[in-house]
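The next part holds the structures, each set out as structure tokens.
Both complexes below contain chain A, partnered by chain B and then by chain C.
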Partner chain A sequence: MEEKEITVNIKKYNDKDGAFWKSYKLKADKYTQMTEVLRRIKSEQDPSLAYRASCHMAVCGSCSMKINGIPSLACRTIALQAVDEKNEINVESMDYYPGVRDLITDIDVFYDKMYKVMPRLIADESVLMGENEQRMTPENQTEVWKFQECIYCGLCVSACPSVKEDEQFLGPAAHAKGFRFIDDVRDTKKSERLDLLMDSAYRCTSCYMCYEVCPQDVQPVIAIKKTKNYLDQYKGNTPITIMARKHDDTVENLIETTGKIKESTLFLKTFGFGEAMRDAIDMLKSGKFKYAFEKDSNVKNMNEIKNMMGEKK
Partner chain B sequence: MKVAYYPGCASHGIAKDVDIATQLIAKDLDLELMEVDDWNCCGGGFMDDKNEAVHASLNLRNLEKVEKMGYDKMATPCSVCLNSHKVAADKYENDPVLKEDVDQRLKDANMEEYDNGVESEHFIWVLIRDVGIENIRKHVKRPLTGIKIGTYYGCQLLRPSNVMGFESAFNPHSVMDLVAATGATPVAFPMKTACCGFPLMGSNPPVALKMANNILSSARNEGSEMLVHPCSLCHLQLDVTQDKIQRQFKQDWRLPALYITQLIGLSFGYTPKQLGMSKGSIEYLRSRGIS
Partner chain C sequence: MEKKEYDAVILGGGLAGLMAANIVAAAGFSVAVVSKVFPTRSHSAAAEGGIAAYMMGNSDPNDDPDFMSYDEVKGGDYLVDQDAAELLSKKSGEIVSLLDAWGAPFNRQPDGRIALRYFGGQTYPRTRFIADKTGMALLHTLFEHSTGFKNIEYYNEYYVLDIVKEGNNVNGLVAMEMKTLNPIYLKSRALLIASGGIGMMYKHTTNSYINTGDGQGIALRSGVALKDPEFVQFHPTGLYPSDILISEAARAEGAILKNNKGERFMAKYAPHKFDLAPRDIVSRSMTIEIREGRGFEGGYLGLDLRHLGKKYIIERLALAYDAAKNFSGVDASEEMIPVRPAQHYFMGGIDVDTTGTNHDLNGIFSAGESACVSVHGANRLGSNSLLETVVYGRETGNTMVEFLKTHKNVETNSNVEPIIDAAYAYIKRETGEHFGVLTEELRDIMWDNVGIFRDNDKLAEAVSKIKDLRVRARSMYVTDKTSNYNTELFNALETRNMLDVAYTMATAALNRKETRGAHFRDDFPERDDKNWMKHTITYLAGDEVKISYKPVTYTRWKPEVRVY
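Let's look at the complex of A and B:
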């Protein structure tokens, strides 16, 4: 098997020395996974190298790290596919979580968020007593299947821009897990789950970063969007959900009546008169206030829009 | 060359300058932008939060209109509109339960089943793939030599990459290539693919503004004098909204943010005013000898 020499630059870290980069050279072939690269470095060159890895087959979720800046599982990354034109690879620990040593981070905060969403099925009492069967349709199973595939690797939370700025956001993984039970017909705690998840869902910025980095294709952002589909069934009111309701209802109403969105109306209805006026002053100062009066034609064939938007389910 | 053109609500509203600049440079590049007949809002980022089937139907209606016009490609200057149409078409193709609901809605609106015959593309993809960087360079009358431009991509243009498909979600270079074509110096910065926070303006504005500030600060820290982005909604968040950001973070600096076709327009010889720019951008450019 043809082998190539590669250089692996690892950002090491410990409490005493802080963070520093160290380079290692070794040979890899076209099958060599990054977990194997790290194992060889540790056993042949630097016993002090600290990293986590276990299954080597994307099941255990232990070997999460940044490889060339991309949040990845080391076991799913083939070294020769990851090298740059100089045959180099940069390896760092995940963002967001506190560093423990080298590539190891403390992901307690990930588990805390997971725990908050009641990540277990709460079945009906009659089922627990053996009087009834747990049943779900194949369609229902398909709907929740994707969202239960999480391997707790923590990559989505490490890459999420909202989690970093907003402690109250439960983060992508916990939302996928939480939604998986909202949409499971066997679960009995839907309204409690909506109480847990709805405010947090509107703290997601829908940037698809979690979808992109998830090694299991869980698509957490889609779970968050599907959670928001239940806003009408959510009975609570937080400042976030009150504003989101105003905003989303205005968007829907504008499309239903004109086929298009007019931002100036949207601003006014979402933020209220005071804040919208402040925006108007900013626009005046920037010379762009005239654009607030841009009048685009409504959709001509509004029947098409209305018929498409009618209640079907 | 003729291309079906979906301007999107923002660029026909308070981000009108996006449309103005795009139309101007398209003309110079012999791109005839054929506005989609009777197009509707794609509901990008919000309608799928309410109802996925309604969202998909609204987007497929636009794509069917494009097909009826005889085109197999629809270009839009807005990353959110792009993402919305692409994700909707992808869901329609791959989710049979959703497809059933959507087909009924299309039928109720006297429309046909959609056959996935139209590809949604970002206007900058058309610039790179169909017009060509070399061709753009030939139209540059005023090279923007020496101006350092932070090249920002944002989220919806790149992700999910298995649906968007044009370039790497982590190492993109489309905006950089276009900036280089104008003669300006493209500046990559760590947060070039992070979200600008606009989608949170409707529910959690303080965090939304923090995200926008993270982008601007990251670009500035790498030496950018201005920022260029590819999205009508990023434009709302990063241009005029900077006044809000300045107030929230008590900041005394601004980083003028231009839509990518505004920068290209400058290099083609148009004035900042012709390109519909905001006062802050016009003043900064004047200080750099461009008016």
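Let's look at the complex of A and C:
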């Protein structure tokens, strides 16, 4: 098979020397995975190179790293597809997590977030005693499986901007995991789960970075959006969820009475007078205050809107 | 040095280890699970196709557990302990129900019951599955279930050096925190070895990089026997060239193996079961096809899924489709997937009975691929490895609970310094060979000489070469002198384990002068029930492998000719 020489630049790190880049040259063919590239560098050139790898088929989530700056699984990356025009490729450890050695990071913070969402099914006692059989529609199974496919690789959390800013945000992976159980007809702890997840769900900015980087296409941000759909069933009251309720109620009310979402009213009702005033001052400073009074007329055919909203209720 | 005491220590966080951990913890005992990886990285995650189970009221109306046991016995070429196989079949339905109760999202039938499909060697369809990532889903289920126990402590990314003995009793083990190289003595009266397989000693393997026979290696060094180590399974459909597993589920769903003439060659070798004959037979047939020039250039054959249609392929065989696309650049709905046999499973293992107990040491147990309960005999059927891990993981967990109730921890602390010194010696040494050289040589020897087709000359050469490698390994050295996640040291320790296990495997293979299941001898191509219907028991005594035998347990099935 045809082989090409490539240069792999790896950002190495150890406690004594700190971080430094080192380059390796080796031959790869069109099928060579980056995990195999790393294994051969370690075996043939630099035995001290440290990285994690296990299954090399994208089910174990060990080999998370940044390849050419993109959060990736090394095993899912084919070397010759990733090289630039000079046949070079850059490899470094994931963002956000503290570095330990070369490409290995400490992702305990990721695991801790997973543990926080009670990541286990609590079936009915009669099922656990073997007295009852659980059934589940194929459709329900498909949806549960979608969010269960997370492989704990940690890439989504490393790429998530909200996690870095907000310690109380559980992060994309834990939300996918938590929602997987909310969604499972066999589980008996839905209200406890909503208590664990609802406040955090509103700390997501819906930036879709997790959607982009997930190697399993789990779409954690969709799990977060779906969790928000359960707001009506959530019994708690945290500052953020109170605001979320006001937001939802105002949206509904505005559509019912005007047929559209009027941003300035929505803003005022959601955040309250005090917060709105603070923002108004910022808007004055930046010259955007005029937009708050833009003419915003109602839609014409209100009867049709009312009928639709009536049907929804 | 740090020391912690538990009732039970479990080596390995895969399916067998976690199932036992859940059982022992539920009985109120303290458990430490030690693994060189975070549990969900274990090789169990790589199991794709499914788990075989006879479920009352949810199986083929003609099926029953006896047919299932018979399939196992025949599939294993009569080297199966039939009581072990019967227990496996009998408990298969309830274990799947338990996994379902703990949250495993099995694929469903339209009425909500668990779905099933055919797998190789099955008389009736029995395989339960979660897409084609069954192992991963089950592993996550058991791991996640275990997070509900406060008395299970995880030592993730700790590498186990050796077992600690006091006289003939287990007194825990010594491990090293990989991040810091700090040793820790984990003292316990019960020790479960559930450390999985040995694939990395073969040049071509579907196994994870972490499968280096660590549990088998430390067991051998503690005077514990390996049973039937000459039996190694080669899976027919390793993806060319990366050796990633293309699940048997593909053939179960209708995929066909073809040679370079477009012929469905399995019709010739297995006229009844075709492509779904047991794996040893298919792998040998493929090797013959390639050897006789009917393979494609580079040495592979075609796995044809095209007639199944793209929608069906993506729905039922997502992983196979993705793997072919990502790792071989082939769209399986338009082209054949390039495949060749690769090492896949180790039938041999730590010698245990049907309770998971080993009788060489007091307090040592084993389950899963690291164990040999003799349910697979000379060849394992697809869907039975996941089943074994959970059924025997639970049986062994229950045995450990009974053991813990009647035994107290050994009072004395053993001297564990020599174990730690032996590990550090690789770092302290300034010259010698490094692990990569020895590992690559071993991988070639095992693939070429202890592979799909074997004979006296090849095996004798393997034994002598491995002997030599073991001598050279004593002066192995580690260039990296830091104590900062020094993976090179662990690679060296893995190499030591692989060499010890490989030595018993090659020796036992040379010793068994017959063909049975996956052990095919060109110079003895027939099964010889008169002389060889017995288990090989191997001990490692310094530089020698000592071989003895144990009888095979029969209940009801007499050996017959094995045709498919």
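Keep this in mind: the second predicted complex is superposed on the first by the 290 of 313 C-alpha atoms of A that agree within 3 Å, B and C clash if a C-alpha of one lies under 4 Å from a C-alpha of the other, contacts with A are read in each partner's own complex, and residues count from 1 in each chain.
Simple rule for what comes next: a contact is a pair of C-beta atoms (placed from the backbone, for glycine too) under 8 Å apart; a residue touches a chain by one contact, two chains touch by 3 or more.
The structure displayed is predicted, hence computed values, not measured ones.
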item: Partner chain in contact with A:1 - chain B first, chain C second, else both or neither; value: second
item: Touching partner for A:262 - first (chain B), second (chain C), both, neither; value: first
item: Touching partner for A:120 - first (chain B), second (chain C), both, neither; value: second
item: First (chain B), second (chain C), both or neither touched by A:276; value: neither
item: First, second, both or neither for A:33, with chain B first and chain C second; value: second
item: Which of chain B and chain C A:53 touches, first, second, both or neither; value: second
item: Chain A-facing residues of chain B, complex; value: 9-10, 12-17, 38-41, 43, 45-54, 57-58, 61, 83, 97, 101, 104-106, 108-111, 155-156, 158-161, 169-170, 194-195, 197, 199-200, 202-205, 207-208, 210-211, 214, 236, 239-241, 243-244, 278-280, 282
item: Of chain A, residues touching chain B in the complex; value: 68-70, 139, 142-143, 161-162, 165-166, 202-203, 205-209, 211-212, 219, 225-226, 228-229, 231, 240-241, 243-244, 247-248, 251-252, 254-255, 259-264, 266, 270-271, 278-279, 282-283, 285-288, 291-292, 294, 296, 299-301, 303-305, 307-310, 312-313
item: Complex contact set, residues of chain C against chain A; value: 37-38, 40-43, 45-46, 94, 97, 100-103, 105-113, 130-131, 133, 135-137, 140-141, 144-145, 147-148, 179, 208-210, 241-242, 244-245, 298, 319, 322-323, 326-329, 434-436, 439-440, 478-480, 482, 484-488, 491
item: Partner chain C, residues of chain A touching it in the complex; value: 1, 14-16, 29-31, 33, 35-36, 39, 42-44, 47-62, 76, 78, 100-102, 104, 106, 111, 115, 119-121, 123, 127-128, 130, 133-138, 140-141, 144-145, 148-149, 151-152, 181, 184, 186-187
